[in-house]
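In the two complexes below, chain A is the common chain; its partner is chain B in one and chain C in the other.
Right, the complex of A and B next:
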């Protein structure tokens, strides 16, 4: 047996400083925008994940180095041939309505419900032969082939375990229980006053002794970014999750007395900002033109000025926080001369290039303007198109752009969050989350396919290194920044960010110093 | 024509207007790029064809547009505003949930601006050309010309951040579990800044209109007659001047009252006030068709209702009409 993890030991080890944690208190967290629903697994919006990560749990959690940690599963084993994953579940877990939680819930949630409703999990489940429950507290996933990233999909947002007794035999998407979510998590749903707040209360029957520590949590819906900053300054809220205030406010808030911040808690997502370049038509169809864009952009300036120093210049399609990253690739520095050279080689005739910004606030608008200025400097004629969220999605889905800003989550592994943007089999109109640029390279396709199912990490690394070298040379998209969204909170709040998804599932361990 | 007949005639026309508004809105909204399924898929950060198809089926968007149109219009005719699939709630419930907050805010601002506008406008007219008049009109000009958004932010900085007198945003102290008098007081404290922000602009409008209207009416012959009859200045002002000068103000107030439901988007956003304006704006960005159409319908109905009410008020103020 390889990778045998005796998680009960781990739990004991983690539980040791328990004496130091204070119980009680209320936490107010900013939530923006208001989520359409809290039904994780059917709705995947970021704010849904932020709130519902306290209500629902998956089998595992991940530390900030992406190592699996126990959650609903107290221990797990992966067989020698990497085909059988066996999970032992905690035995005294109850749903929020008092029903016992068993392996049947896991089999139902994953094999039936999520397979139908969660596109992100569906991709991984294609590698799964069967999911069985030999007894009430054991679940076995039998794979068709080795699938390296599989150990990374047991995260609350990807695979939330939902109650069989409520959903079996119903129309999942229209089940009335979707408005009153029932999970196994450390906090129970209490009330949602639309447009105002969502209130969660402590789950007194939680299976970990003494946990959770907080009595109640209010997620406060505050639609204006400046008001959110004021709310934190005034002490109305205690936590600003990453991205809830504009960048220029971050510095001022962090410098206040008693305020702490951390860039951790985003490792699983590793948000990678990039700009699709239309590989099908227009100037961007030419590789030399795309290289000219890479050399023209001053990404350090963007990081230092527009993002106030947060983040890191992206050098590859894989984030440096994600597994299998390599820096052994071509590096594009800010170099106007090289850009002009490449531009000349591309035979660019001055055709206007349309830049589609991301309609997610001022920062992104300014970023598009900075890019336009950089392009102007090397003689590329460009214009920034005005859009809103729906229009942005539509334009990407219809391939109606030359350069389009976006940022994508990587989910810890290139096979989960990177390959989807470059595989030619993933070119399809109608979705903003596939190979939108229209990049086609059979060699890269073959290597991605092989790397996903290669048996050892070493074999995978070798393939992913080659892939990254090839992609960076082909520049199907312009990689911009590895974005960092600092979480800002009052220093009395302890252990808020301990996992790779940060505040999303962090409240299980969080406590307030009394 | 009797009052009842007039109201009946107006109401019949109003219903036809409403129906036309519904039809126009329906097609305008569907002409905007993107649909709710695309927005949901966009927000999800991951989507395949099956996911988007599922959403479209769930939202009823897989049906041809004319079927969707017929379903909607026949629903509205039966007073069923449809279902918000995004928010998983009937649209009528969503709107009724948000309506009290908006009405509280806009009616307060409306009442305040009308009262202060008329009082200050008359005061300014009575002191025409003197420093009191200049002070009042300058203040009005300032509030009239300053963008609402900026006034809101400055009010927050002054009254909330610096002085700490009023909460910066929100509909009440969250989780305080207040009741009775304390709850009313808490609500009023939260109401102050948004109502002030929203009210200042319209106060300036009413003030300027009242002032010029009073000055105009004061020059008229019947005022001279009244004066020569020996009536006191106060009586002339109340019974002769004000009553006539108010007509244009009432017209304007009627127009503004129509916007009570949908007109506070900005204020509701800055002050996190859970009202209809925000619901409308958020539904627009999410392309939540049914909710958006519902809010438009309710707003349109309000505009029409207030137009009718304005007409009635005219008759009360000026029996000649």
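Right, the complex of A and C next:
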């Protein structure tokens, strides 16, 4: 039996110490690279979400354990058959242009606009029978079948609620309002000086008392990684979101006085670094050879040296931050002897193994060098292929690799971000984002399909545990690291990272100690 | 020969250059004996400064690889690329320039327009394009450097041959009934050798610099430890570990300087009449 899930506005009040926050102040945040647009739901770039996550909101937010929290919805209920999701909306919410926000906006934004503009949400909406608004402050999602991950899609980047009165009946992608976004969020768009900064100001009419706390926010566009680090050192910017400086600079910056850092705020995306191993041909087609690779790699060394101790060695296709992770699987430690044993069992004949690095800068290049060295030491004859971004895309799309580095987001649920890499129905030339390794296992296919629509979390956990055990034994890909991109900020800035998407929607609660 | 050595050793800079180069060559030749392990091997804690740990005189790099091992193995790469690419450039440039200068007329025009075509494109830009198209491996990098380096050789050889072919000994050879090719290769070119040798020594230096620059930009062979790669990989940590870029930088500086000094010494030794007065 499943209990009704309810949450109330009280959670917010209880979660934060009352009246301890100082109001006022300006925050400068690095933005890298400059986003093409701020229209969440129409463009999916990470920098878009960094800025627009404070302009637009969705029905829910997620804490760092991925538990749903109130946002535009102050409470919600899931029926016992897991088919009806009922959301109660805040009643005094206004759009930034003063129009009242109602359930009609939600129905329009999700059913009409986002269904057309956001392919990632569209996949989840296939399980939805109808979206209705019984009254101005209630929205009901009726599902065709139970779909466990559904509670995880009400996130601002996946399902931003956009204003009906501006978009209805227009060409969404070319609406002139896209340049001056109108949302319900804690900050309003003020100015975008291209190549320089994006300026947001406090939303005085925000529906939560006293919030937001900051007066204004500048997103500063600084194209060069070294200059970004210097800008932070000079005090020109207060926040370096994850990934905005080279890893080697992170260490130096966090050792400065008055500088704090956190690896939290990536739980929803849970970037999972892995290396595709070509399951079709070459030495990597052999399961024992792939196991040899797993045992040969010193992933802890990579975490400690290349990633400065940030992150966690990945033990399964599912990140330990994602729901339904299990550690009840084979564990591959760094063990050269076992690697050599497995290599002997695979009948490896010294054929050259090509490693395709991820061309995203020095960190990844060093990582490929370290892997090559690890493989060489157990007797695998490997070379690192030189590549650029286009070449990397091309080689993976054409399956022209033996081992290829990549990292993928998990979106909180295996059905949203994990199964896509292992389903045999998802093998298709031409994309580096599907089952690139070419892993085929009908049993796993069936379990993934079943798990996505299983009615209860317990049933899903059981299936996902079996899936993980099977996959970890088959090692279709080499799981490397659960990456954490540390957010670096001045310690006066408080409550900056409180959700599973971190700085992306963190400014609602953030404040500066005066 | 003794005469040549005497004149060469009169130039003190050249002798120092020769000593440095011999040291580098010895290191390169005996690299597998001095550091039998791969220079990519991660052997100690990363970021050890020089002279801080026994056995690692130059410290370790970002992944804990021995900098000294990298330096010694990198010398092999730099020297091989420098020598082979110069040799290839000479093989292209010398015959082209010689034919152009010796036969003149349409052959000269054609050859020189072709040379100018290459000269109008900046060396380094062309090298980057070639390496990017061909995929960076040691042979393609060497080839790319050779392709951008031969035009000056062709022009020099042409000028030399142009002036030599009017000399009396050429007329004499012609009267003796020698064929054109015997005159060119047997009599004209040998007399043009000394400027070519001087130029070649400088070309080796330029080639080493070019290879380093390409590696620095990440266009090196990713499986080969070279000095340029070491600097390129260390540039992101230059604030916290300056020695990682400094040490291979000094190695490049010394080697290139040595080759330049030797070039000058060779010039003095091979063209005694041009030797600067007042020394």
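Just so we're on the same page, the second predicted complex is superposed on the first by the 495 of 514 C-alpha atoms of A that agree within 3 Å, B and C clash if a C-alpha of one lies under 4 Å from a C-alpha of the other, contacts with A are read in each partner's own complex, and residues count from 1 in each chain.
Going forward, a contact is a pair of C-beta atoms (placed from the backbone, for glycine too) under 8 Å apart; a residue touches a chain by one contact, two chains touch by 3 or more.
Everything numeric here is computed off the predicted structure, so don't read it as measured data.
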Looking at the overlay on chain A, is there a clash between chain B and chain C, or do the two fit?
fit
Partner chain(s) touched by A:46 [first = chain B, second = chain C, both, neither]
first
With both complexes superposed on chain A, which partner does A:385 reach: first (chain B), second (chain C), both or neither?
second
Specify the partner with more touching residues on chain A, choosing between chain B and chain C.
B
Superposed model, angle subtended at chain A by chain C and chain B (C-alpha, nearest 10 degrees):
40
Check whether A:395 is in contact with chain B, with chain C, with both or with neither, and answer first, second, both or neither.
first
In the superposed arrangement, which partner chain does A:216 touch: chain B (first), chain C (second), both, or neither?
first
Please work out whether A:376 is in contact with chain B alone, chain C alone, both, or neither, and reply first, second, both or neither.
second
Identify the partner contact of A:442: answer first if only chain B is touched, second if only chain C is, both if each is, neither if none is.
neither
Rounded to the nearest Å, state the minimum C-alpha distance from chain B to chain C in the superposed three-chain model.
8
Residue by residue on chain A, keep only those touching chain B in one complex and chain C in the other, then list them.
388
Please name which positions on chain C make contact with chain A in the complex.
38, 40-42, 46, 62-64, 132, 135-137, 218-219, 221-223, 233, 236-237, 239-240
In the complex, chain B residues that touch chain A:
32-35, 38-52, 54, 58, 86-89, 94, 97-98, 101, 153, 156, 160-161, 167-171, 174-175, 269-272, 274-275, 278-279, 282, 285-287
Contacts from chain A onto chain C in the complex sit at residues 246, 248-249, 251-252, 301, 305-306, 357, 362, 365-366, 368-370, 372-373, 376-377, 383-386, 388
List of chain A residues in touch with chain B within their complex
26, 28, 33-34, 36-37, 43-46, 116-117, 119-120, 122-123, 173-174, 178-179, 193-197, 199, 216, 218, 220-224, 226-227, 230-231, 233-234, 236, 388-395, 397, 408-409, 420, 428, 430-434
